[in-house]
Structures are given as C-alpha cells and as structure tokens.
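Have a look at these structures, which come just after this line.
Look for subunit A in each of the two complexes below; its partner is subunit B in the first and subunit C in the second.
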Partner chain A sequence: MGQLAGKVGVGIKYTVLIIYLAAVVFPMFWVVYTSAKSTQEIYKNPFGLPRVITAPSTENAHILVENYKRAWIGSHFSQYFVNSLKVVSISLVLILLFGSMASYAIARFEFFGKQFLYLLFLAGLLIPMQLILIPLFFQFSDMGEWLTKAFAPLGNLITGGRGLWVVSLHDSHAGLIIIYVAASLPFTVFTLTAFFRTLPNELREAAMIDGAGEYRIFFQVMMPLGKPGLVTVAIFNFLGLWNEYLFGLVFLNSDSVKTLPLGLASISMQAQYKSDFGLMFAGLVIAMLPTLLVYMILQEKLTKGITVGAIKG
Partner chain B sequence: MATVQVKNLIKKFDQNIAINNTSLDIEDGMFMVFLGPSGCGKTTTLRCIAGLELPDSGQILIDGEDVTNLPPSARDIAMVFQQYAIYPHMTVGENLAFPLKAVRTPKEVIVQRVNEAAKKLHIEKLLGRKPGKLSGGEMQRVAIGRAIVRRPKVFLMDEPLSNLDAKLRTEMRAEIKRLQKDLNVTTIYVTHDQLEAMSMADRIAIMYGGSLQQNGTPSDVYDRPANLFVAGFIGSPAMNFIPCRISDDRTTLVFSESSRMTIQPAAKTRFANVPTGRDLILGVRPEDISLRKDHQAEYEESEVYVVEPLGAENIVDLRYVGSALKVRTLPTFSANIGEILYMRIDQSRSHLFDSESTLALTG
Partner chain C sequence: MKQRQRFFIFTMLSPALLLYGLFVLLPAVNAFRYSLLRWDGLGKPVFIGIQNFVKVFSSASDFGVALKHNIFLTVVPGVFTLSISLYFAYIIHQKVKGARLFRIAFFFPNVISSVAVTLLWILIYSTTDVGLLNHIRKIWFHLPAYAYTQSANLLWALVPMTVWTAVGFYMVLFLAAMENIPESLYEAARLDGAGPARLFQNITIPLMWDVLTTGIIFLVVAGLKAFDAIWIMENGRPTSFTHTLSTLMYSKVFEEYDIGRGTAIAVVLFFLVLGTTLIFRRLLQRERLEY
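Moving on to the complex of A and B:
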C-alpha cells in the first residue's frame, strides 16, 4: 500500500515537472522552428512544423535562409547585434572591474564611512529605474554640453584646432554604457561583498608578507579566488543587459546605434503595416542565441553561483 | 640574518589587553619559540612583528631598524601560517615564485631559487601541481618553501604543524629544525605544544595572559621555572604541586598538622633563603620521585591510585597527603591499584613557590 502511494506520488511529481518543462521549453522551440516558415505558412498553421522539415526541399530551405538573410542584412540585425555586443561587453568589463574593487574594499578594509558606502550601494537596489529615467535624460543632455565645453581645449589640441570635440551622452553607446554600469553596480557590489567576505583573510596577509602591493594582491590573488562570484554576477548582468529595452529606447535614436531589443521592436512596429512574421521570428532567434549559449555553457556555474555568499565556505 | 627586538609592546583589542608590556631580544640566527596556551598573546606578538597588527604602543626593531609602522612587505620577513595560506589557483611552482615576482626578481633568478627551494624540501615533483591535490604534509612543505625562497631576514611561523597528524608532525619538527640550522635565519615559531617548543627551540618565551612569564633556554625553563605557571606548563606529565610550609627551625616541610617531611641534607642550601611561616607550594617533577615496595629511611608511605603504562615508561598516580602525584618509573616497575608504595622526593631537584605571588623561591 505504502509502496503504491509512493509510486503514485513520484508519478504525480514527474507529470507536474514534465508539464512545467514543456511550458518553458515549447515556446523556445516554437520560436526556433517558426523562424523557418514564411508569413503565409505561419498564418495558415501557426503551431505546425515548417515545410522544410515535413517536406524537405531546396525551395523550402530557401524560406529559412531568406528569413535569416533579411533579418541579418535587410533589417540591420548584424548592426544591432554588433552594437549590443559592444555595449554589453564593455559594460560588463567595467561592472566587474569597478564592482569587484568596490566590494573588495568594503569587505576587507577598515575605513571611515565604509558602512555608509555599502548602504549607499544597497539603496541603489531599492530605486526603480523607470523613476529616474526622465531626470537622467535631462541630466545627460546637460552633462553632454558641459563635457563638450570642458574638453574643448583638449579636443582642439588633438584635432589641431580643426573643430569642436563633441561629447554626446545622447544617442551614443558611451551614455548607455555609463547608465548600465551605474545601474548594475548595486546588485554586483551586494553579491560580491558577501563573496569576498568568505575568502580567507590569511591569503591576503600571506601575499602582503610576500611583498605584494595592494594592486598585485587584488589582481593576482583575490580576483582569481573570486572567480565563482565574478562569473555569477557576469551572467546575471549579461542576461539583464542583453535584453534591456527601456534605457536603450530613451537614449538611442539613430538606427546605426540601436541595440538588438530596439531592432526587434522596430520590426514589430513595421509589422503593423506589413506583417512579416518569418522575419520577426528569425530576428528573435538571433537575439536569443547568445543568451541560450551563455546558459548552456555556464549553467553549472550559474546554479552554483546562486548560493554564493549564502554560506561561509 | 637579523636580530629582532620587541620593546614594551602593548596591544589591545577593544578593552581586552592581548599583549601587556612585553619586551624580548632575539639574537641573530636564533630559533625562538613563543609558547603558551590559547589567548596568551603569542600569535598577536608574532603578528605585530610581521606587521599584520599595529601595536598600541611599544617598538619593534629588526636589525636595529624601527619597523613598528612599516607595512609587512617592507620588513623583509617571511611567514608560514597555520592554515598554510597557499594560493589555491596557482601551481606549487607559481606559489614558490610569487614572493620573488612580487619584488620583481629577474626570471632566471626566480627559476633557480624555486628549483633550489623545491630540492631542499623534496617537492621537485610537485611543482606543476595545484595545491588542491596535495596532502597536508606536502602543503606544509610548499608553505615553508615559499618562505625560504626569498631568503628573508626573519622567518615567522604560526603553529605550522598543528594541522598535521602526530607522526608527520614529529618528522616535520626535525626537518624544520635542521632547515633552520642550515639556513641560519633568525626564526620565531609560535606553538602551544610544549614538546614542540622544547625539542626545537634555542630559547623559549613562555607567555600567559598577555605577559611574558619566562624567557630562557629549554633547560632553563624546565629546570628553573620562574613561576608556578611555567612549572606547570612545561613538562609532560606536568610538575606535581603540594601545598606546604617550612617549619620555623627549617628542618621539615609541613604539609599539614599530621604530615611532615624532613628536609634532606642535600636540599638544605637550596631551601635556605625560603622564608618560614608562609604558604608555599612544593613542585616536584614526576622523574624526581623514586618508588620502592619496602620501607626505607626518607621514604614516605603512599597509595597507588592508578598505573598508566606508556610502553617506554610507566606513570604511577599516587595519593600523598591529599595531593595527587604522578611518578615516572621504568616500564618494568609494576604496581596495583590500592597498593601501598614508599616514595622519596628528591628535594635537591624540587622547587618551592610562593603561594600568593606564584614566583619561584628556589633558584
């Protein structure tokens, strides 16, 4: 009796898990295989498999190639992809560099105002980004002008007086990167401070006695030891920034600087007048691919990293 | 090669005094051991010498130079930590090379010094391995290797053997002592293990409650303990203590109204300066008591409480005038629980301490 109940329990558990798995995985598959369909095909049979699978032929394969070609070249996805890659990777490098240095200092040094500084970072977690969007917009406008003036002598020196060196935080990747870095630091500092606190202090002391200065200690001893923590925050930040839409929308206007989420949005806006769903699904797959790759490669580190700092190692 | 001087060192943690006005001189090339129970201030003193703690007052001089406020990197010292503190992401070779790289040593010199150190410590085959794959003993060798590779003025060792098993500890003890003599580098070694201290040290500084209790050679602290704490801390089994007084006519040791012991002629001069009529404590090492089965002059009756055979010797626990006494005997000496034995304390090797001040009254 007990055995039977146990088996039924396991059965129910697995059924629920399988349904959950299907609910998560199916939409992803759907997006991928639908990107091989033409718009007509999608209208006719939204959930069916594409003809390239049911009736493989050069002509049907051509639809798939055509969708991706139109997305990658025709709809400038190659440009958006490179833009996203540039903005996100530079942001990540800066977030990890500044985040880890700030966290290490908070976790390991005693200085006046340390607790206040830490709380200030934490306060950043409590501010909804939407709330500061408009003030930030105006602030960046003013700052751009101010920086242009401030850098004018330097710009003249470099360009040989040939023109003004315009510093713009609007419609430029630099502006977006600054926002991304600032917005990601609270979470990064919060996680990494907890992580650096768990690293044995003896290693730092050993390095001090070995004659290493603070920079060598940080970059050659503490940073490598902090790798699990750094990987975790890198993944979380990557996922957040790769899909970030709102700040991109407000701060980037020209097509040449737009990131992938903005590119996707512009296709769907065009679709109001001319529904090209094949193209849209191909665009979605392109946007999704890096995220999926990051998940697949670093999945183990991600699950491990979630508990980072939760228990003392 | 250097001398180390600690002058009037005081270190507090909040309001707790960790080191209370300690002064020490360590000669060039000496193996100095700081010995004491946990919380006695020995590690804090070592960390102050290393520069890992800033003293509240006092001075630390290395080779005559005041280093009290210098960072550890500027003191030209090396330290072996209790938990080894080997960088886990570097190979053994990289660990050994780290202190040399930190002071920008030329590459050829690094390779040569790392190989030399590895050879000396028999870890040549481990150079390419990561610390995670090493045993405790191997990690200890790497930690020592990293200390010797830079040829510092002073070695500091903070309980380096406490994580090893007993057999390995004995082996490493001898190796560290030999290494220190070969390199002839001034060494300060912290331990709570008195056997380690006795077997390795040129001099032992015994600490308790943040204060230096005695600073002397191993035979000094064993044969001429300065106070009750040192007498009880050094030696295993520990020294036996029996409360007593000296009679006014200086002929007997009075344990109680009914029990007395005649002062032996050989001890008369030893006890000559001890004041009469004060509460004293007689300290006797377990090997300074002899046992017999039959009665003889100067032998006192006592009862066997338990016998601990240790192989190379037997420890016989006796009850005598209300005190428990441990006696070291040959392994061939046998006795049974409850048996009456006759014992003689060699007073010429015994000590008398003032019960109140705990200071030794015999030289």
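Moving on to the complex of A and C:
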C-alpha cells in the first residue's frame, strides 16, 4: 500500500516536471521552426512543422532564407544587432575595469572614509532606475549644451568656422553606455569587493619584493586572480544590458541607433499591423538565440553566481 | 611611500566614483528636487512645494489605480511563482532523474529579453489562428476566441507570462539554499521518526529562511517596477485598466509634459522599493539559525 502510494507520488512528480518542461521548451521550439514558414503557411497550419522539414526542397528552404533576409536586412535587424553588440561590449569592458579597480581599493586598502564609500555604492542597489530616468534625461540635455559650448573653439577649428560642433548625449550610444556603466557599478562593486577580499595577500607581498608597483600588481597579479569573480559579474551584466529596454526607449530615438530590444519592439508593432508573422518569428529567433547560447555555454558559472549570492544572502 | 599609495587608491577609485556620482547619485538627488516643481520641461520651473504629492495621493488621481495594478502584479504572480519554484526546488533536491536538464531548461525564459518574452506571449495569446491558446479553445473546446491581451483582460494575462519567466530563477535560488543544508540534520530527524512534511517544515524552511526572504523581496520589487510587458502589449498606450506606476510616470513626463508629477511618482516608487526591502528584512528576519 505504502509502496503503491510512493509510486503514484513519483509518477505525479515526473508528470508535473515534464509538463512544465514542455510549457517552457515548446513555445521556443515553436518560434524557431515557425520562422521557416511563410505567413500564409503560418495562417493555414500554425503549429505543424514547416514544409522545409516535411518536404525538403530548395523552394521551401527559400522561404526560411526569405524570412531571415527580410528581418536581418529589410527590417534592419543587422543594424540593431551590431548596435547592441557595440553598446554592450563597450559597457562591459568599462564596468569590469572601473568596477574592479574600485572594488580592489575598497577590499584591500585602508583609507579615510572607506566604509562610507562602500555603503554609498551599496545604496545604489536600492535605487530603482525609474528614479534617475527623468532627471538624467534633462541632465543629458544640459550637459550636451555645456559640452557643445566648451568644444565650440575646437569645433570651429574642425568645421572651419562653418558651424557648431554639436555634442549630444541624447540619441547616442555614448550616452547610453555612460548610463549603463554607472547604473551597473553598485552590483559590480558589491560582488567584486567580496571577491577581492578572499584573495591571498602573499602574492601581493611577493610581487612587491620583486619590485612591482601597485598598478602592476593590480593589473598583472590581482586582475587575473579575480577572473572567476569577473566572469560572474560579466555574465549577469551582459544579460541585464543585452535585454535592457526602458533606458533605450527614453534615450534612443533614431532607428539607426536602436538596440535589439528596441528594434524588436518597434518591428513587432509594425509587423502586427501588417500581420507579417514570418518576419515576427524570424525577428524573435534573432533576438532570443544569442542570450540562450551564452546561457548554454556559461550556465554552470551563472548558476554558481546565484548560488554564492543565495548563501551570502 | 604613503603619499604614493594614497595617489594609487585615489586613481583606482575615481573613475567609478565619478561615473556613479554624476550619473546615478546626482540624478537621484535631483529627482527629489524635480518632484517639488511645476515644470513642462521647457519653460521656467516653478517651486510648488509638496503639491505634486498632494495631487498624486488625492482620491481622484490615477496614481491609486496604478498602484493597485502594481500590487496585483506583485501578489498574484508572486504567490504562484513562489509556490511553484519552491515545489520544483524541493522535488529536484530529492534527486530526480534528469535534474540537470530540468534545472537548465526551466531557467531559459529568464535569459530571454523581456521584449522577446512579451512578443512570444503576444503570439501565444493572439486572436488570429496563430494564437496557441485560442487555437486550443477552438479545436478542443469549441469556444470562441478570447481577447486575452485586450486592456481589460491584460493584467490577468500577464500572470502566466510572469510566472513562466520567473520560476526558473527562483527555483535555482531556492535549490542552492536547500543544497546548502547539511544532510546530517535530515538523517538525525529521520531517526527521530520525522516524516517528509515535518522535515520540510522544521528543517528545510527554517534553514533557508534568509534566501526565501531575499526571494520575496526580489518578487515585490519586480512587481513594483513592472513596465516592459505592459508598455509593449499596450503599444505604448496603457489605459486605466493597465497603467502601473512606471508607465504612469512615463506618460506624465513624455506625453503630458508634467515633469514634476511624473518625478513625484518616481519618488514614491523609490520609497515603496526602499520600504518593502527594509520592512520585509525586519519582519521576516527570524533569529539567524547557525548550523
């Protein structure tokens, strides 16, 4: 009797897990294989496999190519993709560099106001991005004006007096990168400070005896040792920034500077009106695949990052 | 030497501090100043004291409605997410076959951008033949199509989507906490004749309480900040059925050019986030159990 109940329990357990697995994985498979169908085919047979698989032929494969070509070139997804790649990679490099520099100083040195400084960075974890969004919008306008004035002599020189050299932080990748870096620092400093604290001091002392200066010790000894921590921080920041929508929405207007989430959102709004489902599915795949791939490759590290965070509380 | 080390520390700190100070702290402080102004963003700002807040909290204001939506989006998906992820963490912790597969796959929705997730669900909810749910309604139950993403129905439609996205993350978080509990405690309790329910209630939950608290705070804060999905599903035009604090703030500033009122909403949002974090930490904090 008890054994039977146990077996039923196990059965229920696996049933629930498998149903949930299907609920998570099926929609993604659906998007991927549907992106190989023409819009008419999608309407006629929304959930069946595409003809490229059921009846492979160059003609049916052409539909797939056509959808992606329309998304990648026709709807500027290539542009959005490159923009995202640029914004996120530059941001990441700066976040890791500045974040680890500050964390190292806080973790390994004694100086006046150190505790205050650390708490100041931590306070950033409690600031919702919505709070700084609007003031930043106007601050960027003021700063742009100010920079334009400051650069006016230089601008005159470059343009040969033909006009002002207008500096704008709005609608520019530079502006977005600045925000992304600044807003990512609290989490980065918090995580990396904890990490740098755990590194042994002997290596630094040994390097000092060898006559290495503090800068060299940091860049050549401590940074490489900090790699596991840097990787964890990089993954979390990558996923957060690659998927970021709100700041992009406020600060990027022109189509040519939009990042992937913004491009995807505006294309889908247009595609919905035109009911161009082939394009929508292809665009979705282009947006989903990079993060899924990064996750598949680095999932061990990401899970470990959450685990460490969970245990530290 | 001392001088040189001081210079070193200074150069290491200044880039981060400069960026953080100038582009996070300064605007955060400015937000409080803006919330006391009447300003259209172009003309001369007028100082009006706390009038923006008085208007925001007045009964005729759309703020209360938006806050209710935030509370809905915190509580309803939150309860489901918490119980489902706790259940999955528990049964996966009990050693199931394919644990690795489940753990990796359940996390998928969490790494996809909110925009992509929203689009995926727009397709799932679609009233055309492409809509998975309406397809099932039609073929299996012979029911007419239902407009899931229509403004009046949207908040409920966001519940499964939010749960679907979040469960994997919280499961990994809770699983990590469970794996950190020493097996010896369970063994000792089993020897004393405790059943699985007792073990869960008296060992698992108390020993992962800190992480559970963290999870609850994450869920509440996410509900308070809700923006992306509503904004996209409503095509940038949320209605009185769907406005949240964030979308309302955006509309006040960038559509009604009422900077003061919009920022006042952001300030309230900040205090709500701060308040829930502190209160939940206090309220839910039991004596830290050492083991």
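One rule holds in what follows: the second predicted complex is superposed on the first by the 273 of 313 C-alpha atoms of A that agree within 3 Å, B and C clash if a C-alpha of one lies under 4 Å from a C-alpha of the other, contacts with A are read in each partner's own complex, and residues count from 1 in each chain.
The rule we apply is simple: contacts are C-beta pairs under 8 Å (C-beta built on N, C-alpha and C of every residue); 3 or more make two chains touch, one makes a residue touch a chain.
Only a predicted model underlies this, so the values are computations on that prediction, with no experimental measurement involved.
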item: Partner chain in contact with A:269 - subunit B first, subunit C second, else both or neither; value: second
item: Touched partner set for A:203, first subunit B, second subunit C, both or neither; value: first
item: Subunit B versus subunit C as contact partner of A:254, first or second or both or neither; value: neither
item: First (subunit B), second (subunit C), both or neither touched by A:31; value: second
item: Subunit B or subunit C, by number of subunit A residues touched; value: C
item: Touching partner for A:58 - first (subunit B), second (subunit C), both, neither; value: neither
item: First, second, both or neither for A:3, with subunit B first and subunit C second; value: neither
item: Which superposed partner A:211 touches (first subunit B, second subunit C, both, neither); value: first
item: Touched partner set for A:225, first subunit B, second subunit C, both or neither; value: first
item: First (subunit B), second (subunit C), both or neither touched by A:115; value: neither
item: Residues on subunit C engaged by subunit A in the complex (per definition of touch); value: 4-6, 8-9, 12-13, 15-17, 19-20, 22-28, 30-31, 34, 41, 84, 87-88, 91-92, 96-98, 101-109, 111-116, 119-120, 122-124, 128-130, 132, 135, 164, 167-169, 172-174, 176-177, 179-180, 210-211, 214, 221, 224-225, 227-228, 231-232, 235, 245-246, 249-250, 253-254, 259, 262-263, 266-267, 269-270, 273-274, 277
item: Residues on subunit A engaged by subunit B in the complex (per definition of touch); value: 200, 202-203, 205-213, 216, 220-221, 224-225, 227
item: Touching residues on subunit A, where the partner in the complex is subunit C; value: 13-14, 16-17, 20-21, 23-25, 27-28, 30-31, 42-43, 46-47, 97-99, 101-102, 104-106, 109, 111, 117, 120-121, 124, 126-139, 178-179, 181-183, 185-186, 189, 214-215, 218, 239, 242-243, 245-246, 249-250, 260-262, 264-265, 268-269, 272, 275, 277, 280-281, 284, 287-288, 291-292, 294-296, 299, 303, 306-307, 309-311, 313
item: Complex interface listing, subunit B residues touching subunit A; value: 50-52, 71-73, 77-79, 81, 83, 85, 87-89, 98-99, 102-103, 146, 150, 156
